Structures are given as structure tokens and as C-alpha cells.
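What follows is a single structure, and I will ask about it in a moment.
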């Protein structure tokens, strides 16, 4: 059932007083839980929970020819599926726009931040490179799948180990992992989505809050440097609001970075 | 020949969770009530719920499941569509509900339906008829009509009797302790209205507490204790 | 049938892998459950009964049970491209047929009950784990059912029958190779699903069915326990 106008009005009113239904501050995330290594056949995997929202991300790798315009670089492909299991609103069938957008936004966040060192994923220039497949699945949608997916992708990448490669027979030995991790940068890129609800800017909305969100901006940054950005939904933003969003992102990105450090030991 | 009576539950208050296909009672004179069927001498559950027996009638009170509308039920719904002669209301049942403009306690102009109630408005209504076409609603009696202020929460419709309590004892306890007006729809939607949003959220918390602990007996006392604790904070 | 047959993971021939089950794993769903045989993990979510769209597929006499089986891309060692395949489409139908005899869909004409099964991690017997999770999820959703169904894979490794096949056994190459027989029983002993891949005499097949019957009784206990303890914490 869609959130009713009534509850929507209540949420906006409360927000204008600086409060949310679950007692969080406007810029506060729900409890973040990250578990890694949750799917044994994946090269790397993670389960992220933001409150009741849950996503599962898995990494698979394979060897293939590089793209002709980057003969010495490995590749990455991000796919997201909004499983019908996770919400009465998702149906079976080919991915619709929200799933496609999710995949592309997370892709952008990781790619542009240069988190993965693609040159180190080259086995033989012009002939063989590793491709990293990042597959994102929603398990329960209670809002903010975008940020949960972002955290999941990073956690899964950090958790992953490259499978052994039989150079002689040119075969990937799936199921046998080497001790090598995927070559990653030290700084973790954080994907953060700020939503405009009424006149307030909030972070990590629940399903109810996301239903009445008028517009949103997802920013990928690490250590204060922004590398990707996407504005979604149809309402416009004033320059002041955009400025506030950038300030908020900078502040929250630092906090989240710190919070999730303990999961990546 | 002696008829062996095996009892799986002893008293009304001793409720056990029963799963589909499970034998609840065995004995000639037990009768299969709602949610059960009789096979030979066995009363078998057809639902996931709490088994109850009284005067040899055995029934299963479901713990979950979609709302089953009944005539006379007061429900809360959302306007999904406006037709030329009424409103289509979503009450979370497997059937659509319809409110005809003739079931409104005042004259409604055929062109002014959306002024009385618009898309996504919430309404408290009564089911006056159920037939093959669907569910017919009315807002002619007192206490029914469009909801203007407050908040709506949704719980599983099977927990509604618990939230209302015996003769309203549970919901009245919540109203008193939170200073809110509360209307519980049989379909699991609940309208909470208070002077302050904090009060409404407190009432919501109390309702969810009852829903979570719906299994246990002596819930009214548990709720009283909970209120004392929460208010002491 | 010698009981001294050595299974790769040390199990006895009639021993099941460690099973885990839990209900309520997807808060948004009307009913949901997780079921695992060792490293094979399945989750199922049920939505319904609800209006059946598209309208032209509605059944005016009784409701429709609609199952989908899907494996997550990384649930296996060789990545599966996301999206339906012929195999997943077939297993979706098998799951539906395994559950239908016990689901009382005649109570919901024109409605549909959607069951979504997803495999999070695969080590053979995925359709069986899926059916077990789906049965729990349907009960959890409050759908009226005559009984719970339980599913297991019986294997024949060369000439030896074993209970609950894992991936290693599925690929058995010695002698007559591997024969895989997934079977589903209601708790009262009715067969709702059986498939076979391989080579077997009808005498041994009857034995296999007996073995399955015994195994499904044990599986039922695990499912029952999960349903009766919905608030139990995950180990």
C-alpha cells in the first residue's frame, strides 16, 4: 500500500520540526549492519542491512579479452535486480528503470572513484584481463536501497579473493581462490543519497519517507573528493539547497566512513 | 470399545501454535470449527495459528493472512479511483471496495466527487454488503467519513482483536495513556489522532507492542507495566 | 545396500546434511521463510492472495498459485547471468506442482498467490530446499493448507542409494554414475512431486521412494519447529 497523503503530511510536519518517526535526526542513518562472506560460491559477498532494508551483493570474476580501447585494463560490470521477493511493488520480468538506475549509479560511484585498479587486473595485455561482476539483489525494501547497495558493493569487493587462473590451459579454476584480493584503493568511496522531503533534507529514508521524497541527489565521494553525482526524481532544487546538500554529504561521508571501518578488518 | 481421547491442548488459555496438517484433537465428539477439518476421528488444522477449544468445538485462530471482509466491519481505506458514481477504495482485502455516492450522508454533485474525497484520501467506512461484484461501503453512520488529520498505521488484520481487547479494554488503555483518539479498522489499518505528533507516535509504539506480544496471556497487565516504564523515562 | 559405503563428506547413506530453517526473514512479505541443507540455502516469500493481473489469466473457479524459482548469479561457482532460464522456468512449475495439492486455492477465485523462491547459495538439491522454504512461507502467510510438504533429493551413486545429494555426489562418475531423484511428500505420506535423472531399476526406485519418505519426516520436524518458534533468534 502506498503511503497515504495523511501520513505523508505528518512526516513532513515532523521533519520541519527536525524530527522523524523513528526518533532519528534528519542526517542520521539507521543502524548499519554489514556481514561479509555470506555466499560461499561467490568470490566475495556481503549482506547489508539499514534498519529493515536488506541487500545482498556478490562478486564473481572471469577472464576474457579486454575492450579494444583499453587493452591493458580489466573490466567491471554492475547489475542490480529488485527481486519481487523483496517488495509487493516489484514484479517478475526484465529489469525496469529503478533496477537499471541502481546498477548504473553504483557503477558510476565505483568506477569514477578509481576504487578498483583496473591495470592490475590485466593478465596479458591485449589478450586476457579479469572482469569483476558486481551483482546486487534486494532482499527487503524498506527504503534507501541505493545507499545499502553502495555499501554492499564496497564490502563485497573488499571481501573478494581472485580465483586461481590456470595460465597453461587458459582456464579459471572457479571454486579455488588465490590469496590475492582485488586491487583496491585505500580510501573507500561512499555513495550517499540526500532526499528533499517538503522543505527538509534527509538521509537514509524509510519506505514511507522515500514515497514522499520529491527529489534526491546521490553523491559518490571518498575523503571529501566527489567523483560522481546523480540527481533523480522530478522536482527542482534551489542553488542554496544544492549547496546544503554538498555540505551535508561532506559531513555524513566522514561519519559513515568511520562507522563502517570496523566491518572491514 | 473405548474411545481414546488425546488432548493436545488442555484449556482455553493454554494456546499452542498449530501448523497446517497437524492433528489438534482426536475424539468422536469433537467438532471441526473454523480453520479445521475432521478426518475420521481427528480434527486437523488447515491454518497456521493458535488452536482453541470450547464446548468440543475446535477452531484455529489465524496468526497471519489477508483480511477477510465481513458485513458490519468498520474498515479504513484509501481512495484509489473515482468513478462517475462513487469511489473505489483499497481496504487491503483481496477484493476492491466501492463507496457509492448514495452512501454519503449528504448530497454529492456528480461533478464534485473529488471535492468530497480525492485520490489518496483516507476514509473510515462500514461494509454494508458483500457480493460477487465486490464489497459495498457506506459512510452514512456516525464516526465514519474522510480522515483529515492524524496518522495511519498498518498491522496484520489478525491482530486486530488483540489490539481492541475484550470490550475495547486494550485500545481504551492506549487511548488514556497517550491522549489520542484511536479508530481501529477490522482490516488492520488504524487511525491515530492526537494533539501532538509525539503523542501519536507514542500510541503507535503501544499498538506495535501489543501486536508483537499478541501471543501471551495477561497482555493488558503487560501493557500497563510497559506504559509505567515508558512514562517513567 | 551396504551401510559401509563411504560418502565424500563422511555422512551415512541415509543421513541428511545439517538443516536450518527460519520464518519471517523478509519483513515486507505476507509470509517468508529460509531453509538450508548444509551449504544449499533457499529463501521464499509469499505475497497474496491478491488481485490477479493480467486479468485474462484469472481463474474464475479457483485461485492461482504462481511460483518463481530464481538462482542468484553468485550462488554457484560459474556465474549465472541474471534473468530467467529454461531450467529456472521448469523448476518454477515443478515447485508449483509440488505445492498445489496442499494449498486450498479454491477459496480464492480470481485471486493469485505469488511465491518467490531464491537460491542464495547452491550445493545441489536447490529445488528441494526451495520447496521446503516455500511450504513454510505459505503457512506463515496464513494461506489455508491441508498439510505441509517436505522435499529431498535421493541419489544413486553407481549402485548405492543415498539421501540428500550434494554437488560432489551429483557429479559422481564411478560405475553407473549419478542418478538424481528429487521427491516431495506431504506429512501424511502423499507424493506431490518426483523427478528422475539417470539410470535405475524399478526395484531400487521403490527403495528410493521409501528412503525419501523417511527423510521427509525428519525435514518436516525442522519446518514445524521453525513455524512454532517464529521469534527464535538466529544462531
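Order as written gives the chain letters A, B and C; numbering starts at 1 within each chain.
Following the convention adopted for this analysis, contacts are C-beta pairs under 8 Å (C-beta built on N, C-alpha and C of every residue); 3 or more make two chains touch, one makes a residue touch a chain.
Predicted, not measured: the structure shown is a model, and the values here were computed from it.
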item: Arrangement of touching chains [line / ring / star / complete / other]; value: complete
item: Pair joined by the larger number of C-beta contacts - A-B, A-C; value: A-C
item: For chain A paired with chain C, centre-to-centre distance based on mean C-alpha positions, whole Å; value: 32
item: Averaged-CA centre spacing for the pair chain B and chain A, given as whole angstrom; value: 39
item: Shared-contact residues (touching 2 or more other chains) in chain C; value: 50
item: Contacting residues of chain A [partner chain C, same complex]; value: 38-43, 45, 52, 56, 58-60, 62, 79, 81, 83-88, 92, 94, 133, 135, 137, 139-142, 174-175
item: Residues of chain A defined as touching chain B within the complex; value: 1-2, 4-7, 10, 13-14, 17, 19, 21
item: Complex interface listing, chain B residues touching chain C; value: 16-17, 19-22, 35, 37, 44, 46-49, 62-66, 94, 96, 158
item: Complex contacts: residues of chain C adjacent to chain A; value: 26-29, 32, 39, 43-45, 47, 50, 68, 70, 72-79, 82-83, 114, 116, 118, 120-122
item: Complex interface listing, chain C residues touching chain B; value: 30-31, 48-51, 102, 104, 108, 111, 139-148, 186-188, 224, 227-228, 230
